[in-house]
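Here subunit A shows up in two complexes: once beside subunit B, once beside subunit C.
Right after this comes the complex of A and B.
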């Protein structure tokens, strides 16, 4: 049986807060990534951090900085799910 | 068994210092953008006509001086930017150093080139073919970057670093541990100069088929970022496993100086505090095959790297290629 747990929204929010200095109150599902000044490399950095925490490989081809925090959450969850 | 031991180190930068503001004067970029995206503040560009062999010879002479010798049994040059497509530049480097006659050859593995060159040199020492080998990483990278491509032109710089490897004992400081290397040809398009080789001749020689921009270097930055972090941390872990050290035992992590954010991400993957990173790219940019020996020489000269320090070297580059090794830093004379 797999012990895989999908990255929760809080897990993602914690990374954005601790690694990128985004204020917790600014991290809502509909927050635009560009509004919290996450550039395209930051998305890769988030994925790499989650990759280490979850112990799975997360392909990042589909990540882009045009969406919202919820979009990022979904993409990472899907990618992590496929990588199981 | 004989080990290859670092017995001398030296480096050289060409005279043309270029700041981020200088670049902002000639293209749409800014000091803040370059610093936050890359960590780079300055870099050096060769003046027109200064070939890689000159940089290599200057660094090589300093490494030989640091080793207290004028002799080497072979010269191995890691470079992406040889003086000419043919022949190799290492024989000219040997000539410039008064070493005409010794075996001399180039190694092409882009930003992993120095680790590949160390492997070749260490093999010559292990087999008894040489007692002492001069290993140089040198680049005139500005000569292959499109000066108006703001993604690449702000990142790369020119320079050279070198070490003298000598035959010694595996237990002594400076002895290279197992050098872990790898490659993946399916990633060739990530980091490339498309034209000028046998697959696609030079654009001027092949009008209509090649784009003039193909003569310049191109890189898919985001993909490189992820592969670089993953491969550098994996190979560092393997190199550490061969020495029996844990990541927490590492005093200095000397990663290929591509991008400060890549170095931080590698440290995070390895659970090594970022304070233990050797950072040199802020001064010289990404110097490809020259970056690791340049960073080592600078850290050695400034006292950031002290004798007895447990050091890990890790790189990722075009090919794709990657590698890592670990060693205890020796006591060396500054050149």
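Right after this comes the complex of A and C.
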């Protein structure tokens, strides 16, 4: 059984705030990623960071700047689920 | 304005932004320059290299200067440029929200692009594989991104380019920008250069070329232009951005004119990949072209901000050029003694320093000039700043590849 713990929303928010400079108040589940300036290139960088920090492979082709922070969180959790 | 009048119209420097090893901001730069003390230090980022000294911008915290959401996306070469551009705009009293964006151009100079971004990606590729390479490399490594990012942040929507003439890039950029104003292509141009070369691969290669000073045990003495014991340059990172406008436009809006850019000349040695033509024929063509363009007699030049790299070949060749052409006996300084050699950015920094020299009536001293090379017969200012009312100055930059560029700057009110 894996010891991997899926990231909570707060963990994801912390990474977006500290590494990518997104204001904490702007990070809400329904925030559009493009509204916090996370375009397609930036999202790949976000995915690479999450992969390194969480040790899980995130399918970058599924990232979409038209999605929300909640969508990103779900994608990470789905990837984590597959990794278990 | 008819075509002939426009082609001869003086172009004014109305804003200056400087981010160099001498400090962040024009005031810090000028104060440090007047001390004549070198900024070279041991560089932990170059630890393990045969030459591990450099001139870095002190206390450059991109996140606090630009905001974290901007800083993380940009290579240092664009971070430096953006901070310099913001200062230049503030100095000029211009607000990008209010200007006619499509009439504002940007011309920046650069030699090496986003070297740190490329070097990091290269390491990642070899150590972790292709899937781990960041796509942002391709919007940070290419040289054109420097002016691209400036346009995004300054709403400058006119012609936008980066020119590469190695260590002459900054002067070339300002010369081209001047012509864009004279031709009527733009009403305002942000012009300058940026360089962030202090990553291991380029520094290893410069060392292998024999271009770098090897005084690693005494970094502060390493950059010593025109000195008998000079032995190479100290690499630096820096950016300078100038706001350029036609003088009439600048006066009409009540802008401050630091100095006028009145002449530009450029040439190619066509001689060697890295060594200057020892006869100085190529650089002489650039210098004479700039004087002709400015309609200035050689003897009227009363100050030179030299390329003065602290290499044996350049300084000797350049001093002979000055002695041969500028027969009025101008004062000469090389500010690289303080700042080191910021490669593609050097020329832009030195044009800014030349403008400040004209404005303040003070020539900054050449650092570490203890004993003038006996083969050098020009009037190099050393030790302390010299009071001099400079009216006509030249700023020289000569690049690997034999690419040469010279600007003539004059005191406001002399044309």
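Following the convention adopted for this analysis, the second predicted complex is superposed on the first by the 83 of 84 C-alpha atoms of A that agree within 3 Å, B and C clash if a C-alpha of one lies under 4 Å from a C-alpha of the other, contacts with A are read in each partner's own complex, and residues count from 1 in each chain.
Here is the rule we go by: contacts are C-beta pairs under 8 Å (C-beta built on N, C-alpha and C of every residue); 3 or more make two chains touch, one makes a residue touch a chain.
In this text the structure is predicted, and so the values were computed from the model without any measurement.
Superposition of the two structures on subunit A shows subunit C clashing with subunit B.
After overlaying the two complexes on the shared chain, residue contacts for A:28 are found with neither subunit B nor subunit C.
Looking at the shared chain after the overlay, A:44 reaches both subunit B and subunit C. Superposing the two complexes on chain A places one region of subunit B into the space of subunit C, and among 55-63, 181-189 or 307-315 that region is 307-315. Looking at subunit A, you'll find residues 41, 44-45, 48 touch subunit B in one structure and subunit C in the other. Of all residues in subunit A, those touching subunit C in their complex are 19-23, 37, 41-42, 44-45, 48, 51. Looking at the complex, you find that subunit B touches subunit A at residues 37, 221-223, 225-226, 229-230, 261, 265, 268-269.
Residues of subunit A touching subunit B in their complex: 39-41, 44-45, 47-49, 52, 57, 60-61. Only residues 63, 67-73, 132, 134-136, 139 of subunit C touch subunit A when the two sit together in their complex.
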